[in-house]
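By letter and in written order, the chains are A, B and C; residue numbering begins at 1 in each of them.
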C-alpha cells in the first residue's frame, strides 16, 4: 500500500514543500526512518534528525524554521503531533485491528441483558442480568460485566476487563485489559479489639463519554453515591482511584498514580506518574503535578504547578531539591562558620570585651 | 422499601432523639442527603452538615454535643461509623448483590475437586485437580483456582481472581477482581556471565480467616515454606507482597504499597498508600507508617509512628520536611552569615587582632 | 522420597564434609530446618544458623570458613545460592507442577492459528487469527492471545495473561498471571479546547528469549515500531513499561517500578522497587538504582550506583539523607550563630568599630 505526499497532505490538510509525487509505504520514528518512510517531528528534541533523516515525507509544524536544506518532502500543519495522530487514525481504520464483530461462542449472556446492534462479544465474555450494551460496543474475550451495568455506544473493553454490578460507562469509552471498575472501596470500621469491620460499599462508578483507561488500573465503587470519571479523562496503566473520588473533565493521569478516598480532582489537570494524593481534599482545575509527588492538602489556586513529597510550588521545589543535593557541603560550611565565630568570640573575650554566649 | 427511625434504631441498638416515626427510603452521604435520606456523621470534618442537612435520619456518636437545633431525627450509638457499617451490611443482605448461587455453565471443574454446599461457581471459572471448596464459597466468573488449592467456608472470589496451585485460603476471605495469589517469587541467582538463573519457587501462600484483599494486588508464593497473610488483614488494591513475607493479624495496608521478600510485618499495623518496605526486616506490632514512606530498616519499638523516605520518627520527619521547603532561604541566611563573619574577621585583623582562618 | 547427602552432592557437583549417607526428605529455610531437612546458606546474615540448625544437610559456599563445629553434613559448592537453585529445579522437575499437557475444553482456537507439538492450552484460553504457538508452549486457562501473535518454543503463560495482537515472544519466556502485553501506549495530542485526541498506537511489543515477567505487570505497545524487552530481562510484579521503551539484556527490575515512554535502559542494570524513570532518556549499562528513586535525566556513566528522588550518586545521596534527618538541629545551630554574630557585631559597634550590615 503506497501513498503520495499529495494524498497525505490532502488527508491532513497540510501544505507541501518539495516533491508532491514522492511515495511512502510505511510510518516510522524520525530516528529510524528510511526511504519510503513517512515520519513527523513535534518534539524540538528531535529537530536535528530533520536534516539527516532518509524519510521520504516528514510532517512538521507550520512555525518550524529550516536552518539547513532537507531532502525529504515536508508537509506543514498547524500541529504536527495532531496531524500525525489523525493520519495514524485513518491508517488504523484501513488496516483495522478494530474490526471485530459478532458474538463468539462460547460466551455467557444473561437472558435479561439487552444487546445493541453491530456489537462484538468475544468468547468467554460474561454479560450479567439486566446489562445494557449499546450499539457498536466491543467486549473482548474474557471480560466480566456484572448485573445492571450500562455500556453506551461504541465503547470498547479489551480482553479481561472486569466491571462490577451497577456501574455505568458513557459512549466511546476505551478500557484496556485487566482493569477493574467498581471493586469495593477500602472501608473498614476499627473495633475495640483491633478487628476491622467491613463497611459495605453500596455505591457505584460512573464513567462519562470519551474516557480512556489503561491496563490493570483499579477504580473503586463509592461507599454511597458514585465515584466519577468525568468526560474526556485519560488514565494510564496501574492507577488507583479510590471510593467516592471524582476526576474532572479532560484531566490526564500518568501510570501508577493513586487518588485516595473522597478527593475531588478538577478539570484539565495534568498529573505525572507515581503521584499519590491523600483523601478528602480538592485539587483545583488545571493543576499540574510533577511525577512522584505526594499531595497532602488541597490545591486551591487553579493552573498552578506543584512538585515534591509533600508537594509545593514547582520552581521552589526544584530549588530545595538542588540544595538537598549539596546538604553535606552546606553542613561543612556551617561547621566552619561555627569555628570561626568561636574564634572571634574567644579573641574578643581576651580583649576584655565580653560576648554573651 | 421504607423504614422508620425506630426500626433502624432497633436494628443498630441506638437511642432516638426526635420523631421515631419519620421514614427513610435510601442512604446518602451527609452532604448530599435529602428528605427521606438516612445518613451518618463520624468524621468531625463533616459536623457542620448536621445543622443544614435535609436528611430525615442521621446516625451520630453518643458523645456528640449539639451546639444548634437540628431538624433531622438523630440516632445515637457508641460509634456512628460502625453503626452505619452494620446498617449497610443488613441493607446489603436484603437487596443482596451477594445472592449468586449454583454452578453456571460452561465452567471447568476437575473430577478430583471437592465442592461444598451452597456454593456459586460462575461461568468460565476453572477449578483444578484436588481443589477443596468449602460450603458457601462464591467463585465469580473467570476465576482460576490451581491444583491442590483449599478455600474454606464462605469465602468470596470476585471475577478473574487467579490462585496458583497449592495455596490455601481461610474462611470468610474476600478477594477482589484481578488479584493474583501465589505467583512465583522474584528469585534469580546471578551467574558469572551476567545471566540470571531462576530459583524455583516451591512454597505457597497461606491466607487466614477474615482477610480482605483488593483488586489487582499480587501476593507471591514462598521460595520454600509459606508467605503468610494472617487473620483479619486488610489489603487494598495494587499492593505487592513478595515471597516469604508475613503480614501480621489485623494489619491494614493502603493501595500501591509493597513489601519486599522475607520481611515480617507485625500485628495491628497501619500502613499508608505507596509505601515501600525493604526485604529481610521486621516491623514491630502496631507500627503506623505514613503514605509514600520508604522503610529501609527494622522497626523495633511497637506502636511507633514513622514517616518519610527513608522513614524516621513521624513528628521529626514533618519538621525536616518543613525545613526542606525553606532550604533556599536557609541557604541565603548561611551566605549572609558567611559574609558577616568575613567582615568581622577583616575588621579585627585591621585592628591588629589576628583571627585564625 | 528420600535422598542421601551423596546423591545431592553428585547432582550439584559439590564436595561433602561429614556423613555422606545422612538422608533428607524435604527442603526448608535454614531458620526453620529440622532433622531430615536440606537447607542452604548464601546470605551472610544467616550464617549464625549454621551452628544451631538441626538441618541434616546444608549447602554452603566453598569460601565459607567454619568458626565452630557443625552437626549437619555440609555440601560445599562455588555459589550456594545457585547450587540450591539447581537443586530446586531438579526437584521441581520431579514433582512437576509444570506437567500440564494437551488441549482442555472449552477453549477458543482460531482456524488460522498454528499450534506446535506438546503444548498445553487451558480451558477458556483464546487463541486469535494467525497466531503461531511453538512446541512445548504452555498457555494456562483464561489467557488471551490476540491476532498475529507469535510465541516461541517452551514459553509459559500463566492463567489470565493477555497479549494484544501483533506482539511477539521468544523462547523460554515466562509470564505470570494478569500481566498485559501490548496495550495501547499513553499517547494523546492536546487540542485547543482542552480535549485530548488519541494517537493510535500501531506498533507492537517484542519480548526476547529467556525473559521472565511477574504478575499484573503492563508492557505497552509502541506508537510505531516496537517496545523491546531484551534477552534475559527479569521484571517483577506490577511494573509499568511504557510505549517505545527498550529494556536491555539481563536487566532486572523490582516490583512497582515504572519506565516512561521512549526511554532506553541498558544491559545488566539492577533497578530497585517503586523506582520511576522519566521518558526520552538513556540509562547506561550496569546502572544500579536504589528503591523508590526518581530518575529525571540520562545516566551516562556505566556501572554507576544512584539513589534518591531526583536521584544522584549513591553514597552522596545517603549523606544528604542523613543530614535531612537532622535539619531541625542544623536550623537551630544556624539560628544560634545568627544570634552570636549579631552580638559580636553590636559589641564591636559599641567599640566604635563599624561593621557593614
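Here is the rule we go by: contacts are C-beta pairs under 8 Å (C-beta built on N, C-alpha and C of every residue); 3 or more make two chains touch, one makes a residue touch a chain.
Predicted model, so just to flag it, every value in this text is computed and none were measured.
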Residue numbers at the subunit B-subunit C interface: does the shared fraction exceed half, giving same, or fall under half, giving different? different
Would you mind reporting the rotation angle for the C-alpha fit of subunit A onto subunit B, rounded to the nearest 5 degrees? 120
So, what's the distance in Å between the C-alpha centres of subunit C and subunit B? 24
Would you give the residues of subunit A that are in contact with at least 2 other chains, written as numbers and ranges? 106, 124, 142, 160, 178, 216, 238, 256, 274, 309, 324, 330, 334, 337, 341, 344, 348
Contact set on subunit B toward subunit C in their complex: 106, 108, 124, 126, 142, 144, 146-147, 160, 162, 164-166, 178, 180, 183-184, 186-189, 191, 194-200, 202, 216-218, 220, 223-225, 238, 240, 242, 244, 256, 258, 260, 274, 276, 278, 280, 294, 309-310, 312, 316, 319-320, 323-324, 330, 333-334, 337, 340-341, 343-344, 347-348, 351
Under the stated contact criterion, what part of subunit B meets subunit A in this complex? 27-29, 32, 43, 45, 79, 81-82, 84-86, 88-89, 91-92, 95, 97, 104, 106, 122-124, 140-142, 158-160, 174, 176-178, 210, 212, 214-216, 232, 234, 236-238, 249-250, 252, 254-256, 267-268, 273-274, 291-292, 309, 321, 324-328, 330-331, 334, 337-338, 341, 344-345, 348, 353, 355-356
